[in-house]
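Naming follows writing order (A, B, C and D), and every chain is counted from residue 1.
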Amino acid sequence: MSLRKFVLGALGVAVLAAPFAVSAPALAEESLYLPKLVYRTGPFAPGGIPTANGAVDYWAMINERDGGVGGAKVIVEECEFGYNTDRGVECYERTKKKHGGALVYQPYSTGVTYALADRTRKDKIPLLTMGYGRSDAGIGSAFPYVFPMALNYWGQSTGIMKYMASQEGGIEKMKGKTIALVYLDIAYGKESLPIFRTMSEKFDFKLKEYPVTFPGIEQKATWLQIRRAKPDYIVMWGWGVMNQSAIKEAANIRFPIDHFIGNWWSGAEQDTVPAGKAAIGYKSATFSAAGTDFPVIQDILTHVYGKGKGKGKENVGQVLYNRAVVTQVFIHHAILNAQKEFGVKSVSSEQLRWGLENVNMTDATAASLGMKGLGPNLKISCNDHIGGGGVFIQQWDGKKWNIVSEYIKPMNDLVIPAMEKSAAKYLKEKGVSAVSCS
Amino acid sequence: MVENTVKPGEILLSVEDISLSFGAVRAISEVSFDIKKGEVRAIIGPNGAGKTSMLNCINGFYHPQQGTITYKGITRSAMKPYEAAAQGIARTFQNVALFKGMSTLDNIMTGRNLKMKSGILASTLWWGKAQKEEMEHRRFVEDIIDFLEIEAIRKTPVGRLPYGLQKRVELGRALAAEPELLLLDEPMAGMNLEEKQDMCRFILDVNDEFGTTICLIEHDMGVVMDISDRVMVLDYGGKIGDGVPDEVRNDQNVIDAYLGGGH
Amino acid sequence: MFYREAGQFKSSYKEDQAVFPILQDRVGVGLMLLVAFIGIPLLTSEYFISAIMTPFLILALAAIGLNILTGYAGQISLGTGGFMAVGAFAAYKFATFSIAIGGAETTIPLVVTILLAGVVAALVGVMFGIPSLRIKGFYLAVATLAAQFFIEWVLVKFGWFTNYSPSGIITAPPLEVMGYLFDSPGEKYIFTLSFVAVMALAAKNLVRSHIGRGWMAIRDMDIAAEIIGFRPLHTKLSAFAVSSFFCGVAGALWAFVHLGTVEPEAFGINRSFAILFMVIIGGMGSIIGSFIGAAFITLLPIFLSNVPPMIGWDIGVDMISHMEFMIFGALIIFFLIVEPHGLARLWSIGKEKLRSWPFPY
Amino acid sequence: MEDIIFELQFFLEVLISGLLTGSLYSLVALGFVLIFKASGVFNFAQGAMMLFAALSLVGFQELLGVHWTVAFVMAIAVMVLLAWCVEKFVLGKLVNQEPIILFMATIGITFFLDGFGQTLWGSDIKVMDVGLPTGSFDMGGIFIDKLELVAGFTAGALVLALALFFNKTKIGRALRAVADDHQAALSVGISLRTIWIIVWSVAGLVGLVAGIMWGSKLGVQFSLTLLALKALPVLILGGFTSIPGAIVGGLIIGSGEKLAEIYIGPFVGGAIENWFAYMLAMVFLLFRPQGLFGEKIIERV
């Protein structure tokens, strides 16, 4: 009996010692290694699954259709972290040196983004956080390896503001109006607070802040308060289970649903479908379009799903899926840039950084990559890692998301100074100096 | 802390007119008695007579609703058990109350806690003062271990010991505090004859060698009469007899309570 | 055979009460320290050091902290994450606090910062330990959740704690001790290891002193402990204080050394649960058990998620993750059935076996 | 004057919706109480059981295309099977262990169920449609969530049913005997195994009902397991062993946290619901360490 226990103990020791043995096989072939941190499990899996599928399917399509990028095969490897920051860091450390070195990371988690900002800087690997992450990281000289492309949360906030103003017939009409900001009370949700406060002062509207306790399962009290406050608009910074719960509660208090606008992580099929009829008319921001009427999405359907592969057909064309595809197209574009500039097939992460800094997505490039109309046109530079994106507003009609607004540019006069201030503070605290962009 | 000294033969503790009840149940009613310095004082009585409750009152675990307790000349109001311990009152329990997860040595060492002064910081370092203190007390405890003849089980977790030995360890723990007044709650319950004899010997030795005043509760009349100087008898929470063993043995009330009272 | 203590006589109480009275143990621990301090940094990969060893050590430290409270003093707590958060944010406040002495800006030295953070956590721990005087067992466990959620809320809500960072995420300053910058994963690992080794020894010393005996007495039978003179207030609160100190330091290390940046959610309720699991799986009332438990809880999932790709089994990361959960759960149950008192007990049984090996009697 | 009426009405609305939400918490807490009462096990896995039950129901509906009532029956069968497995592979092997060990074992069960449920049915969000009403109706200016009203009635009915079960049936009386005294129960010939299987099955059924309610509200997804945390303060307040306690505790916590969020929250920055519930429970414990309906403990030496 006791000997059995001992044997078990020894077995346990062996199990614990096993991570020592992890090693990375080397690959001789020309390749591009793109590790993908994903969360297909855990409380945020509903959002994590379509984003992961979009990314993986895109590269599977590229490998099938073109045999890789510029002759180099793309190796995509998923690492599950369950939206858990320390597992995310572990994934990063595990994958960063495999297959000759990881080229870029895209964690889709604010917590992991913050945790990786320092590490990627040291390891000289770009961190592409398209549409999320640190709002101040758009200042390329302070964050040379972070690329929060398209628009950060501050820019998005101003974009949503502009949309509401346009609905009312001009920004001056917002004076005296009440806007309720419902946000998930964690780092991600709070990113938009400072800019809304600034705008509230500048445009003279009343801002009511409603933090929702993580993870946002129960929001009754919040919505009772909103009902009493009778706001003209509700803006939501939610993620995961919070979203559909909020949409249902908004319907319960009979708030005019088309005056309820989510940010672009609060506007996907995963948020509206479970909310049922309550969600019809709900709006959200987005920087990418939904649907399958784009060459690149069609190619995925033909080359991946057509051959019986692919991760999840039901996700194709969904908001989060397409958004992930857009991000991959930008990476694709950056790889092509780097290959051209440095004349190699297997670009290094450092070379890819150059590629990302020289992204210039025009209508022509977008068309050549099959993405025309799917995502934004951006021009990245050494100092500007955002690239001048903008925001669309989309609306849920009960079946699909439709874009209902013009392309709205952010109020850069508000956003950029705030970013610069915050970035300067970061540099000071970290004791690092800005890189030169000249 | 009380620093009065009481000479042998003088009254160490006196209980006056105390009553204790739990809701409607009266555990002790209007009992007075005293304990003299240096004596072996016994409290006897049938089950439920209020003996353990009396000890609980003396060491501050229960607070009587009425009456006073005077220890070393100071009458105390509601007092916490650890304050009683600090004044030199130690005890053992009816159902052994040892620290099951610790070894015999550690259990007895806990009895020394009131005398150990080194703080948390010093203890984390171990080196120096804290270690010296620990060693001094260890020496004292080893003497007790020798005295109780439990050397062989020094490092054994007490949970694994047989009942008789546990009782002995518990006595050791109480002794380690170098008490002035030692309260023993049925120290011989559940023991065989040989173990009882050992225990009697220890009790008398403690009384002789250290001059410790002892107050004990016991069922076994024979044992009580042999080793005590004075005996008090409780029944239904009231006092029915008090005096030297011979007096008590012949007291009609006591005989009734034990023999004819329908118990 | 190899592990025999026969012939090792102790001639003084001092020797008898040494941390490791048996020669083989002393050699073993010496070897382990040697491996930990020299072998691992030299021989293993950066991944192993920075993604496995460093977090493992920090969580082991937190587990020691909780073990002091739960394993030694018998007070179940689910507020560990909260106390770690206090440590992390206090360290951040101390580190960003600078005073001008003689014109030059002076900051508090890093090691002092981390220790001070522990002290702040200890104070907060004492505050939330007060209910333990009346509430016991699972009721107390749930009451400590109040601490967990309250602390998290305070840190999220009041910008002062994060120096008004818009997202509420704090960024650690560079790790500089007396002019030396701990920068590479190896250096950071050594930094952590030094802290953990010293504090583990301190914890071991504490639990075998009269203070530790007081905790165990309260744990085993609180009424008897009080009657023989332990003051429940002092004893319980000192356990809360010491435990929170350890957790606070662990939190500070987590923020400063491991992640570099941290948000309050990193010390959420899941963290508290994970550390409680470490203590129970490793063995309550055992310092070495805290290490074993931390290893089990942090390394096993990583190991499990590494195995299928290693053996070339492509089943998708989500399936791996689900299986990881299932195997992990099953193993917890399995180990409890085999040895309910934790892996530390299994370890000591193993030692006993080795003592007589290869002869069973 | 109008203001006062409006305020009064608002207060009433907060109170009512708080009570209704509270009854939803009670549903989760009820499963804990059942198991703790009968076996002294603090079942950490109740949240996971709720998710697993709801996942099974939706899963059968999707997979087999059957009516939800059929899926409901199938889900019950799954929960009974689960109870049998728990007894067979976990609790049965841990008889006479300390409560903390059993608690830890239920943590193992939690991990296993979380993984197993997602392996079988996937981690994606699923829509729970068993025909429960949505939206709210207007009662003199007070909006009442229809779903929560149904949940409130269900909770009430469930408690009534459980009370009948415990008091009127032979098995119920046996369960109570076990709760009072394991030895005595064994000596009159009740098998502890059977009791455990029944209790865990009933807790599974309660979990399924709770899962349906919460699943209709939030969609069936992993986050449902986090609701177990909402049930803990309810348990403290109500006492671990009292079924009415779970209901009353739920009502107090539900209304208490809503009132606090609305009337105290704005002064301190909001989002106080979570810790307020725990704080409320803790302060309450300081005065009654055994909970609202728990039995008073007299200490002896």
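Throughout what follows, a residue touches a chain if its C-beta (ideal position, glycine included) is under 8 Å from a C-beta of that chain, and two chains touch if they have at least 3 such contacts.
Computed from a predicted model, the values in this text were never measured in an experiment.
Traced through touching neighbours, the fewest hops from chain A to chain B number 2. Measuring from the average of all protein CA coordinates, the nearest chain centre is that of C. Comparing mean CA positions across the assembly, the chain most remote from chain A is B.
Centre-to-centre, using mean CA coordinates, chain B is 41 Å away from chain C. For the pair chain B and chain D, the distance between mean C-alpha positions equals 49 Å.
Distance between chain centres (mean CA atoms), chain C to chain D: 33 Å.
Spacing of chain A relative to chain C, judged by their CA centroids, is 34 angstrom. Residues of chain A found to touch two or more other chains are 40-41, 45, 49, 185, 211. Within chain D, residues 118, 123, 269-271, 274, 301 each touch two or more of the remaining chains. Residues of chain C found to touch two or more other chains are 156-157, 223-224, 227, 318, 321-322, 325. Residues 40-43, 45-46, 49, 185, 209-213, 215, 217-218, 220-222, 224-225, 227-228, 240-241, 244-245, 248, 251-254, 270, 273-274, 276-278 of chain A are the ones touching chain D in the complex. Only residues 2-6, 8-10, 12, 15-16, 18-20, 22, 38, 40-41, 45, 49, 78-80, 82, 84-87, 89-90, 92-94, 96-97, 110-111, 114-115, 117-119, 134-135, 185-188, 190-191, 193-194, 211, 214, 422, 426, 429-431 of chain A touch chain C when the two sit together in their complex. Listed in rising order, the residues of chain C touching chain B in the complex are 13-14, 17, 202-203, 205-206, 209-214, 216-217, 219-221, 223-232, 238, 241-242, 285.
The touching residues of chain C, counted against chain A in their complex, run 44, 46-48, 50-52, 55, 96, 156-157, 166-169, 171, 173-174, 258-266, 268, 270, 295-296, 299-303, 305-307, 310, 316-318, 320-322, 325, 335, 338-339, 343, 346-347, 349-350, 352-353, 360.
Against chain C, the residues of chain B that register as touching in their complex are 59, 61, 80-82, 84-86, 90-91, 93, 97-102, 106, 109-114, 116, 118, 120, 123-126, 130-131, 134-135, 137-139, 142, 173-174, 177.
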